[in-house]
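Each chain gets a letter, A, B and C, in the order it is written, and its residues are counted from 1.
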Amino acid sequence: MALFVLQRLLQSIAVLFAVSIAIFLAVYSVGNPADLLVPPDATQAERAAMIARLGLDRPVWAQYLTFLGNALQGDLGTSFVHGRPALSLILSRMPATFELVFWALAIASAIGIPIGLWIGLNDGTRTARAAMTGSILGYSIPSFWKGMVLILIFAVWLQWLPAAGRGETVSLLGIPLSFLTLDGLRHMTLPVVNLAIPNIALMIRLTAAGAAEAVHQDYVRFARAKGVRPKRIVRRHVLRNILIPIVTVLGVEFGSLIAFSTITETVFAWPGMGRLLITSIYQLDRPVVVAYVMLVTFIFVAVNLLVDFTYAALDPRVKLVENMG
Amino acid sequence: MTDNSPVLDMRGLRTVFHDAAGAWPAVDGIDLTVHRGEVLGLVGESGSGKSVAGFSILGLIDPPGEITDGQVTFRGQDLRRLDEEGLRRLRGAELAMIFQDPLTTLNPVLTIGEQMVEAITEHADVAPAEARRRAAESLEKVGITSPRARLDQYPHEFSGGMRQRVAIATALLNNPALIIADEPTTALDVTIQGQIIAEMQRLQAESGAALIWISHDLGVVAELADRIAVMYAGRIVETGSTDEVLDRPRHPYTKGLLESVPGDAPPGQGLRQVPGAAPPLSARPVGCPFHPRCDRATEICRREEPARDADPSGRSWLCHHPLDDGAAA
Amino acid sequence: MTYRNLKAGTAMLLALAASPAAAQELTIALASEPTAVDPHYHDLTSNNAVAEHIYSALGRADAQQNIQPGLATSWEAEDDNTWVFQLRDDVVFSDGSEFNADDVIFTYCRTMNNETSVGTVGESVVTNFASVETPDPHTLRITTKEIEPLMPELLAQIMILSEGIVEHDEITFDLENDCGVTGEWPGVDAFNTGEAAIGTGPFVLEEFTLGSGITLGRNENYFGEAPVWERVRMVPVPASGPRLAGLLSGDYDLIENPAARDITQIEAQEGLDYVSVPSNRIIFLQMDIGRDDSPFIRTGDGSNPFQDERVRRAVSMAIDRQAIVDRIMDGFATPAYQFIPDNMFGAIPDPEPLEYDPERATELLAEAGYPDGFGLTLHATNDRYINDSQVAQVVAQFLTRIGIQTELDAMTRSIFFSRRSDKEFSFAMGGWGSSEGGAASFLRQYVTTDNEDLGVGASNYGAWSDPEFDAILLEAISTVDEEKRAALLQRAEQMAVDKLGFIPLHFESSIWAFRDGLSYPGRADQYTLAHEVTQTAE
């Protein structure tokens, strides 16, 4: 076990390092942020001063080495636009995104898995097929349009819910969370729904596919031949087996949504990380973009690790560490 | 006083599979009878419908399949009239099944113990500890050492042969009256095969259960079975006691099967086969389904399905031109 | 009581009853996010607008961008290099401390010691100070090294901070010795937490959360007219769709920059209103004159047609500005015949319209030696100015019609500005919002020959150079006398328009939409100021 964790740690460091180089090169070769930061009536001297101040006059590899040196001390650069350390800037926006993603996936699982299970167990029937086809709608509808329609219906026409923004927050362990207040819940509803819909479809299809496959497996048939009750077959035989791919996908989806819930955050003016990323890209706020990608990479690595642990816990056939020799 | 009524009396069973083009009978009207303590060998090549017949007894046919006709009387009850819950109560208790591939029969993420215990607790209100004890006992009966420790292991920690023993042990847990074994040794090594067959013989004799042994291997069935039923294209083309069927087959197909068993032929001579292949479900020939491969086929065979012929001793066959009594194999 | 009095009395009672219905709270949705409440952090429109709420400067730009008194009641130029400002003596900061000249000096010192700022804010103005004296606590005498005729305008942009936010001894304008400041100079973070955000503006900062918005409370000690609003909430909603949705749903009382195509919906909706005001932002075309062989021009003989005034005039004549205004900008723009709005300082009062005459344009092209036209690529942004890529497309089509085969390459602004600074383009569409200095603003930045030492021509990417013009412009920007300066600038502006080194297209209009019961006059500088939002009788 310790060996496994150590292996993973080393791999992760290698990955982070490779990613840092790739993203640094990509971001630092596009455009010149100074042009976006100096006021329009800046003189040549002012522009040159800005460039020097941001260190943009040094060659890329020199900038990278400075970045690397700082990174090893925990400093991932300072935002050109906001003047704050890039990492703390991103982390300050993380609770908002986290809240959104967590609830969206929780709802998606709570709704999607039971429905998917039902579809999978009734594999081959017309209703099951119709439901599967219907689920395609869930992730085919463009997120931006879907979000705007939700706003139109619930905020503009019915006036039940607010159109955008995050509501009141309450600090829990130092982290501001909004789902603990009524105002927060009201603001959270539409963006969470918007994010949940395609994930419900995903969960349905994933669970249905898994369950359909499981149901045709010999061991399910054998359990039936033994006279095991249907409820128990679903619970112990089917569910336990399909949980593995579900957990894997949930993990990846979680990481992916944390990083890229940009559209939902933009439509609902939700002050999360995704919006920060987009604006930073537009403004060529390079340190933020680089720090963001690094953080996201780290999140994915951590999530993968968690998924692997869960995997091993769920499937007794899986060994965490490859046998040597 | 012995009760001579059969444990299983099946009449005219018909199981079809639906597809866009229609309904294809995998089992096209078969009769089977098994008595207490008897071993019936159901023989046929792949595609003959023998496995489907086995599942049909338990009612384990899922869409697009459907049992459309027949009576399946098990200990006086017509299984086809029972609802799902009624069938469930019998399955694993009085009516047990052993599957073909031991590597996929057991759920890989649950322990052997859990999978055996559930066979007991799903039928009766038995305390887990007691169920475990019985499971361990059953494992011991099939020759698995340290059974208590083994109960906490997972299927992937057992070899193929061991897993099949576990399956057998599971089937015996509730003292079933009828066991259906669907090619239980086909997926195993030849050496293990022999062991399993011997085990099964012993256990079956001990418990007095009726056993239907489904196989494509006439040699295996020859050892075990008291009676043989030969199946082709969804029909039973010949039945009778093992000795009779093997010594004096009436149906050309049975004869062909016998001739193709390796071992009988002198060394150096090529293996004999029944020429051609079994017809697919959707393309069964008109008339006698065997006629394309039969060297005795005539015009009537191509036009008309043969009617069942029988004799008082329980022999029956389905052929327009059965092999004559006394004609040597 | 007479009937009339009774009616009046009842009306008054009703009015009184109606007003405190909600604690007077205003919610505004902003089109771009303010990045800080430190007024010297970054010269961004959104930041500057927010600063106007919390702080004040010596002067204040009104809706037409004329400088009105602010913290200074009056000012005059004693001579070319000396300015004297009289400060108010009745102003109190939001923390209770009194305002006097020391605060001003501290502020100007701070702009020279501003480590955390993006670029420099105020530094270039203060660098020009030779000395700052305080004959009394409410008088300021500033002497400059170079002549700076625009001192009042420039100082109106530097928000005054309270000296109380740092530890200090006596404050004097002594940059060598930190002006008397003993503690640490404040950085942007100190402001964002509210600690250093002490000002004399109409509002007080209650909360600033990056990404979430700003909450302001009315400053009860404000020296000017108290704002109607007890509390103001400003929320950044950069995407125009959601911003409009918030207005429609009642979440926001007022929004910035609704998309022009949404105005019909706002007009149709009961309970909503809007105001549209011509801004000082001009959209124009910039041509590469300097290079004989320009990268994105394709002529048979490799010449540069833009070097011929007839060609430039032909380009200007080929474009139907009114059509662009009517059809692309939905009427929310004004055709431009010079580079600043007609009513700004130094503008030509009644400029001659630049005619739309495609036949004449074709003739001019032929006269100039291009009877078959030539090939050209127009570069433009697609996400910076209102409908920029559509306008550029139309321009390209107009030119193609007269024989100049024009391709369009529209790109995101971050790439556009970088490439333009690197002088990659031959023909580019740009925008400019003239601020202080009126006509001088655009002319000195774009039209004057590039000269780093004099700080002019920084954006003159096409290398337009007219020595006559340069002479007049340079004289204008060092003339303190307003009348003389205005006349010089007017002449310069006329010369720029006559020679068409740059081709003006139109002025964008700024639009604000709000719910009924509110009124906003709008501003040419596009600022949204909560204290200028008033209530109307419903």
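FYI, a residue touches a chain if its C-beta (ideal position, glycine included) is under 8 Å from a C-beta of that chain, and two chains touch if they have at least 3 such contacts.
What you see is a predicted model, and the numbers here were worked out from it, not measured in a lab.
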Touch-based graph of the chains, sorted into line, ring, star, complete or other
line
Select, from A-C and A-B, the pair of chains that is joined by more C-beta pairs in contact.
A-C
Can you give the whole-Å distance between the Cα centres of chain B and chain C?
90
Averaging only over C-alpha atoms, locate the centres of chain A and chain C and give their separation in whole Å.
39
Inter-centroid spacing, chain B versus chain A (mean Cα positions, whole Å):
53
What does chain A use to touch chain B in their complex?
124-125, 217-229, 232, 236-237, 240-241, 314-317
Chain B to chain A touching residues, read off their complex:
58, 60, 62-64, 88-93, 96-97, 99, 101, 104-110, 114-115, 118-119, 122-123, 154, 156, 167, 170
Note: in the complex, chain C contacts chain A through residues 33, 35-36, 41-43, 116-120, 124, 187-189, 209-213, 235-239, 241-243, 245-246, 248-251, 383, 412-415, 417-418, 420-422, 432-433, 435, 441, 445, 450, 452, 455-456, 458-459
Chain A contacts chain C in the complex at 30-33, 35-47, 49-50, 80-84, 89, 92-93, 96, 148, 151-152, 155-156, 159, 162-166, 266-269, 271-272, 275-276, 279, 282-284
